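When the chains are written out, they are named A, B and C in that same order, and each has its own residue count from 1.
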């Protein structure tokens, strides 16, 4: 946390937030510290501050996501930016306008920040190479969802003080989860020990080369962890038949009241939402005293405000330039 | 830039003082090459005075290079490449013969399609253009295409390249049937069920980049299956060719097959010898290719295979795509990269510079052996053969610049690489079709 | 570098401020002290302490981070980047007389930003500006209601307040 009265010599230099893999622990910490300054805005009478006044933020969403889209819109609004919603389903593989054409058209309208959600891993990186506006990744394929990773570590840090030495389990469909990846990068960089938990059929290739432990048994890890993040089973992403039935999945990987009895009393229960009640998590656990699921939502707006503010600051530092092409 | 096309017709052409490498005839020395009436007349120390002389001092004079795996996109995608533009790129890269893959739109699947390719190639007057026909109708892997008629029209082999033939019974039938015409069946080994929607090698990088992976097993499983089929037939003239093998596992399967003297050949590409999956890390779609770029371990295995003589042909898999198609999400962009105009220096970099092959070894894999796979009388300077010659300056050092390419497409990941070895002249049928 | 005030002089300037503020408080009005980060915060805490003692009741004190209200956020700049920190005002500012505190009043831009920030937090009865040092160089039509010391400084000179809480020493200097 930022010490009172002391200015740390640090400069945020990223005009794009594409993922957490490339960020240093210092950058992540700086972003979290900055986010703390934004918490108070959401709590006061006039829920607005002016730093992005006159800036145009585009929510460029190629996948359904009411939650993240609203969270970004709210964050932008609270910083006095104008927000344009641009929702286009499944455009990447369909014919018609390409992603770059869409973005160039938007840029011609004078946008400052593009918040992009896309079903293709790397789509935000592609955009960042060809347009001048700041690019914020709101989830790309199963690559990264950096603001989710940030809000998760923000939430943990707020409750536990620090991530150093914490044991964290991330449970579910790891192979198709951008949340698991962003969480992994953020949590391990901040000193936590992360275990991916799920059936072998839902582990990504070469998972052993990632900075995590892997377990196929939730029962083996439930007693040891300080934080457990239950991923949503996304039926639309599951190819084939990675587990025989929902019933069997829940039996082995669901966070049930029974399993919670064996967990540490102060375990934090997280979920990126929306919840499949009774599938990956039982209602009583999702709504129970250990659950921080709603705080995650609140913190999401806070962290996204900090993100929009910082990328805009970095853009103000550097005169507009196209890095490539 | 300007290609001086000079028809010699009966005239004689003497290439003097070059270092001639003709592995088939065990020639590897400084001498002269005499060409007359489009054919090789003599290789040796020639005193004869002729009107047309090329001074090849300090240069290598080799049998015209042959690339048995290119995509010229015609008919159907002429915006990406045409037989004319592809042929111009080929001679600029030193290739006097190429073999087009049949995955055009529509595919090459009957004799008129084959004749169409030949006609366009004659009009282009650059390199010899051969084509393979599709194994199955519409390349769908269900019913055999008219291999007989296509072979009669000059198809030099059959493949559904871009797709592997998934159905084992169809593949068995294709291999058996092709024996009637003594042509090779070439396979793009990929089990589609295992491959899924993969766009790059399944591994550490696909995991951190969040892209669906192509499991090496998808290639190996089909290669293993096909080898069992060949083993089962084994009689007659069955010939099987594994296209662009890319994994250490495939190398082992080929090694085992060759140990059993099975009629199995295979090919490699420059990108599978020089680039790894790591190059995909910036989502640059010029590195999106199928089979995908693998790992350093696979590169080592392929190089070892080349050193051991397990690889029969070095090809390019020249696959042109429009800039606009490649400026897409990695997930959505098409597979493929172009290579005709930089293949030779890349093979020099990958194989000669580290001492895996010597020059005769390289020429064998870029001319003599590929010709054998497609069953044409080329790839050597034997007297009486059609005079296809490539003259190479082995010491010229330069930067690869896609903007100088004759290909209509620019999807080449080697732009800006510093390489050594430049094609000086390409002679096709006794005629200089390319000259620096 | 020249020392304008030493520790003792700072102490008496603070006393002067305290006395004048107390003398000015209208009957029946609640007051609160809010300091602008970062050194205004320390001055505000000291003032609040002295005011509490003098009045005999606890005067609430808060800290305002004005980064988000700065007028130079979107102009290209080099050098340091403004860092957002927390605003910590744990009381209702509505209908209170707010003593807004900063260490140095120079261009008036910080004060403008602080007033905008305060108004987003509620509707105070009045805002009065108290500064430890008032120097020339105003760019906005803003004046201090209470100044502990009026410094003479030329444009380009930097007047700096150093306090033991943040700087381990206690002096006001001009550079």
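The working rule: a contact is a pair of C-beta atoms (placed from the backbone, for glycine too) under 8 Å apart; a residue touches a chain by one contact, two chains touch by 3 or more.
Since the structure is predicted, the reported quantities are computational estimates derived from the model, not experimental observations.
Legend note: the chain whose CA centroid lies nearest the centroid of all displayed protein CA atoms is A. Put simply, the chain farthest from chain B by mean CA position is C.
Between chain A and chain C, the centres computed from C-alpha atoms are 39 Å apart.
Centre to centre, using the average C-alpha position, chain A and chain B are separated by 45 Å. Spacing of chain B relative to chain C, judged by their CA centroids, is 77 angstrom.
Here chain B touches chain A in the complex through residues 196-197, 202-204, 206-211, 213, 215, 282-283, 324, 327-332, going by the rule given at the top. Across the complex, chain C is touched by residues 2, 4-8, 10-12, 33-34, 36-41, 44-46, 48-51, 54-55, 79, 306, 309, 312-313, 316-317, 319 of chain A. If you check the complex, the residues on chain A that touch chain B are 21, 92-93, 98-100, 118-123, 125-126, 130, 140-144, 175, 178, 181, 204-207, 209-210, 239, 325.
Put simply, chain C touches chain A in their complex at residues 38-39, 41-42, 65, 67-70, 73-78, 80-88, 116-117, 119-122, 165-166.
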